[in-house]
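What follows is chain A paired twice: with chain B in the first complex and chain C in the second.
What follows is the complex of A and B.
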């Protein structure tokens, strides 16, 4: 009974950070998706400079870890260029968005390359332009293949949003840490509730990923 | 770059940041080893012929996998010592091994599962027909076929974990990121040490990812049934001995 009253007491305190967590999640996911498509399409383009430049971006962001990128953007950008990225919120969103955008661009590239060669050949035979081939034939088939991986990476982005508490954003974990520091004996309960809140946030994406897997498989001969 | 990037600070910070490299790399190996072992624990529980246990274990794995490792790390570091009965206070290094190791063991358990499921049904039947004990069946028949094809995937997770390990700097493990942050706090120069950390990660993880890709190509041809068949034909070894013969080579 004591535990139940403690849960009722702690949960609303933690949920004060829910808005920040969700807004960081949505904004960085949108940035990541946009970056993924722009970079992924650049990686399959014939323009050598565009192709190589995006290649460098992807390898740099995939090759270093997100927490290093976050701190680097947080400390280095103001020093290096004398500009602020607006706020800590923007720093977090841009770091997470660019990092997962790099990972997702590889998914986009892989899916486009995985569309059967015969489809491209048929589109050429039908006298379609390069742009038409990509928009009408290849992308609709590739997007279906991307769905499960996009779901998985969205869960990863959700997990990564907890890092913004390290640069002073008041998200769920931030409030959890504040409460833990004032009342250490309740630390286990506080962190278990924090974990459950994150898990509940992840559930729709877990479900969407499974849904995406069935859509990706439907009607595909393999 | 702007005027604010000073090379003398860069070279001043370099040896200090590099002091943490051993801890970072060591922690990565420790976490990876722990995850490799713990992955088998998940597999073991998921193969118990009891629907309730299997679904509980599946949900526990899903829970660990879809919640932030940072929160799990805080749980192990701050909350575990005050848990009644089982509570223990652990060194930050051990905490990091536990938290990051268990988090990634759920992914590695899935990899093992995919490997085990890809073992041909005939192999299971044959080991029953030959009256192998359960232990021998797993040790001599199933695992030697299930695990090697998953090595490139496991290697990918090694690199992913390497990039996750700097999280441990938050609880005071003195890896490269913690070294860079403390240098920054002392000299109020974060830009150069953090740049060094980025370069170190890039220098270590990019070549290893290329290595893994090469390994993948090699493994794919090695375990591709068509390639094996051609090899067997060249040596005119009957198809029945196919897998065994390739293993000796």
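What follows is the complex of A and C.
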């Protein structure tokens, strides 16, 4: 009974952070997707400079920790260059977006390369331009292959949003930390509820990922 | 086979017409492997050419270079009087850019061993995509033409099927319709029956025969269907170790040839 009343007391407090968690999730996911396609297409382009430059970006952002990148954008850039990337919200969204954009660009690149060579050859035989081949033939098939991985990474982005509490954003984890510091004995329960909320938030994406897998299977067998 | 060989060619092509395609000493290497060691060849409008020879002799590479899927290591391929792989820039001959290549290869179509249909499109969409997007033709007109072409290859009742719902023979017939809708002047066939179950080969050959007899485009068939190819071909090329070892009419190559390699190749074939 005590637990139930505690849960009833704690949950609404945590949910005050729901808006921030969701808005950071949506914004950084959109940035990550856009970055993924731009970088992924650059990685398969014939332009050497574009290709190499994007390669450096991908390896740097994949190879270093997200939390350090976040701190770098938040603390180091303003000190070094005297510029703010915008509010804390923007800093968090940009860091998460660039980090996951790097991972997802590899998914985009891999899926494009995984489309059967014969598809490109058939498109050439029909005298399509490079651009037409990509838009009409390769991408529609590649996107189907990407869907499951995009779902997986979106779940990861959702979980990564909790890092913005470290740069003062008031998301779900932030409120959890605040409550724990005022009421240490409740810590286990608070964090269980925090986990549970994140799990509930992940459910739609888990479902979408499954859906994506079915679509991916249907679309590419010739 | 003998009845095929004795029969005279019905529609032999007049030699006075200018060739539509010329290969001028074309060579191709993949690394240290010299696949083609100097090919000279002329294709005249409407001419039906069969390319035969042992596997690894470079048969497929010949037509893949004409379709711009493979770049020659040296030599020139001239299509309609224009150099396929090179263009003039500031008075110098340089490697052709995409625009030039697309202009020159516009009259060429190809059918592949593994069909290469677009799996995300219905078979009607497969046929319509290129005329609409590449040739910018009117959509309704293209649809009508595509339906007619699919009816011609016997798939008029399956317009909305996806390639994955069809048999291999049906897929290959769609692939031919897709190429024909573009109205090519030269059609290339790359071992189009090799990936098919034996019982499906006939229906595909029938379509090719129909095209050969009723359309006036030039055709180059790389094939193992010896008897069939000889039946419809005006000219037979025997390719061996990267060179055209023998060429002429079916009779000249298959009956009169004193070429040892042709003989031993045919011997193996007759046994099989």
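What we mean here is this: the second predicted complex is superposed on the first by the 218 of 222 C-alpha atoms of A that agree within 3 Å, B and C clash if a C-alpha of one lies under 4 Å from a C-alpha of the other, contacts with A are read in each partner's own complex, and residues count from 1 in each chain.
Definition applied: a contact is a pair of C-beta atoms (placed from the backbone, for glycine too) under 8 Å apart; a residue touches a chain by one contact, two chains touch by 3 or more.
Quick caveat: nothing in here was measured; it's all calculated off a predicted structure.
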Open item on the list: According to the stated criteria, A:51 is in contact with first (chain B), second (chain C), both, or neither; which is it?
Closed with: neither
- [ ] Name the contact category of A:187: first (chain B only), second (chain C only), both, or neither.
- [x] first
- [ ] Applying the touch criterion given at the start, work out whether A:87 contacts chain B, chain C, both or neither, answering first, second, both or neither.
- [x] neither
- [ ] For A:126, decide between first (touching chain B), second (touching chain C), both and neither.
- [x] second
TODO: Check the residue A:137 against both partner chains and state whether it touches chain B (first), chain C (second), both, or neither.
DONE: second
TODO: Spot which of chain B and chain C makes contact with more residues of chain A, would you?
DONE: B
Task: First (chain B), second (chain C), both or neither touched by A:118 - done: second
Open item on the list: List the residues on chain C that touch chain A in their complex, please.
Closed with: 67-69, 98, 102, 105-106, 108-110, 112, 114-120, 129-130, 133-134, 163-164, 175, 178-179, 182
Task: For the chain A and chain C complex, residues of the former touching the latter - done: 116, 118-119, 121-122, 124-130, 132, 136-137, 140-141, 144, 219-222
- [ ] Spell out the part of chain B that touches chain A in their complex, as residue ranges.
- [x] 1-2, 4-5, 62-63, 66-72, 74-75, 78-80, 82-83, 162-167, 169-170, 177, 181, 184, 190-191, 194-195, 197-198, 201-202, 205-206, 209
Open item on the list: Show me the residue ranges of chain A that touch chain B in the complex, using the header's touch definition.
Closed with: 59-60, 62-69, 71-72, 75-76, 79-82, 155, 158-163, 165-166, 173, 176-177, 180, 184-185, 187-188, 190-192, 194-195, 198-199, 202, 205-206
